[in-house]
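What follows is a single structure, and I will ask about it in a moment.
Labels for the chains are A, B, C and D, by order of writing; each one numbers its residues from 1.
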Amino acid sequence: MDNHFEKSVHQGAMQIKRSVDDAYHLAIQDGFALLDVAIDEPRLRKALIDDRSGAVVSFDGRVRNHNNDSQVQRLTYYGYEALAINQGRLIIDKAKAQFGIVNAVAMHRIGALEIGDMAIWVGVSAAHRDAAFDACRWILDTIKADIPIWKQEYYPDEPSKWLSNNG
Amino acid sequence: MDNHFEKSVHQGAMQIKRSVDDAYHLAIQDGFALLDVAIDEPRLRKALIDDRSGAVVSFDGRVRNHNNDSQVQRLTYYGYEALAINQGRLIIDKAKAQFGIVNAVAMHRIGALEIGDMAIWVGVSAAHRDAAFDACRWILDTIKADIPIWKQEYYPDEPSKWLSNNG
Amino acid sequence: MSVESTIEINVLYFANLADESGCDEESLAIANKMSLSQLYDHLQQKHSLSMPQSELRVAINDYFVSWDEPIKAGDNVVFISPVAGG
Amino acid sequence: MSVESTIEINVLYFANLADESGCDEESLAIANKMSLSQLYDHLQQKHSLSMPQSELRVAINDYFVSWDEPIKAGDNVVFISPVAGG
């Protein structure tokens, strides 16, 4: 596939349809948003925490230089933003109802990423550590299963591929 | 107990016996150190991460305004630093041997803390999320069980008390 | 001679479905009462989509729906191939 | 008349043990072959320490040891009351 064709059908899914500030506002208020630039972790972390938060667990997922046996050069995440945001809000609401937590915020980056770039951040604050760990892991797993984001990895010696979390 | 007496027998356990930079160096190299000033989380996080780290899980524990039914005003952590450092190194070595992780770093603050201050930070990087979550939780639980740190909480209407994690 | 009633809908394509269909969006006039399964059958033939319906989920108007959800005029329909976030 | 052999050791106190003993450190001459349990019995009486040995752990020279570890001249001995980090 040539680069021009790739851009023409996927370009919309590589960019968010709101400003970066609006994306942070949404993530902080509803618990989830997509972003198309580097995730500012301290900004999200700060929004998570208040005096009731005895425990804060966070996860960040980064682009590795290996996926199974293949050397990864770079990858691109594509997102269906409107569905992602609706589904993300449902996931965060469910986590808040299900685990004894104070707050939860998550963000997923889309677009072209390099090795080491942060693709996802999930943070949970709670009075107690068990709830924070359990909720953070559940939110991460549920985002991976349900949020409409697709990933294409590029390798030095093979064609790029679409990856799937359940394949 | 008057303040003078408190200071005379506990003062040594409220301060670390090395420089702040040496404490960071030790935490980054051996995986654990005590610190007697605010923990600089980004400094530890940066040391954790390399290109093999697909997943980073971190925990931070903060002073809450409530412990069970009592209103907490402030608290003081006291540490037996030399044993804490030896035991911390054993814990981190064991975590590295036991879980498939890339790196782990933890730090515990001692001295007088206010509500909202970070008392402990534990970070784990790994290729995969399950190992990162499992190791972070295990390190935290093992630090809480085995590291010689004691906590005294101060309340508005009651005498201060020594707390215990297993009491 | 029966007049077949049609409705206008919009379909979005992502990832491998966008590659195979060669577009990210199209407007379609479809038979009223057409089911989501029938719609995917139709598009699968039209664009030679390789993925069977059993591997897909479906969304209408930016929410996941079940495959028996009816399609209404003006709906945005999206077939969701296996995701890979995180 | 037997000459009892003694050794010099150092004991550190933390937390409630420091409160009760009123010090953070003391040097002691103890009987050679005294066990860690005997040492704690002795100190418990001397300082009216409220905590039974069963609630304590013990460290020598900055490492946890078991209660049957022998005490040597010059050792730093610390009885560790229940911890509360994290």
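FYI, a contact is a pair of C-beta atoms (placed from the backbone, for glycine too) under 8 Å apart; a residue touches a chain by one contact, two chains touch by 3 or more.
Since the model is a prediction, treat every value here as computed from it, not as a measurement.
*Asks:* By label order, what chains touch chain B and chain D together?
*Replies:* Intersection of chain B and chain D contact lists gives nothing.
*Asks:* How big is the gap, in whole Å, between where the Cα atoms of chain B centre and where those of chain C centre?
*Replies:* Inter-chain centre distance comes to 53 Å.
*Asks:* So how far apart, in whole Å, are chain A and chain B when each is placed at the average of its C-alpha atoms?
*Replies:* Between these chains, centre-to-centre, one finds 28 Å.
*Asks:* Where the CA atoms of chain C average out and where those of chain D average out, how many Å apart are those spots?
*Replies:* 76
*Asks:* Got the chain D residues that touch at least 2 other chains?
*Replies:* In chain D, 86 touch at least two other chains.
*Asks:* So which stretches of chain A touch two or more other chains?
*Replies:* Within chain A, residues 61, 129, 140 contact more than one other chain.
*Asks:* For this entry, which pairs of chains touch?
*Replies:* A-B, A-C, B-D
*Asks:* Give the list of chain A residues in touch with chain C in this complex.
*Replies:* Listed in rising order, the residues of chain A that touch chain C are 1, 5, 8-13, 61, 77-80, 82-83, 85-87, 108, 119-120, 140, 143-152, 162-167.
*Asks:* Once bound in the complex, which stretches of chain D touch chain B?
*Replies:* 12-16, 18-19, 21-24, 59, 62-64, 78, 80-86
*Asks:* For a test of understanding, state which residues of chain A touch chain B in their complex under the given definition.
*Replies:* 42, 49, 51-66, 115-116, 127, 129, 132-133, 136-137, 140
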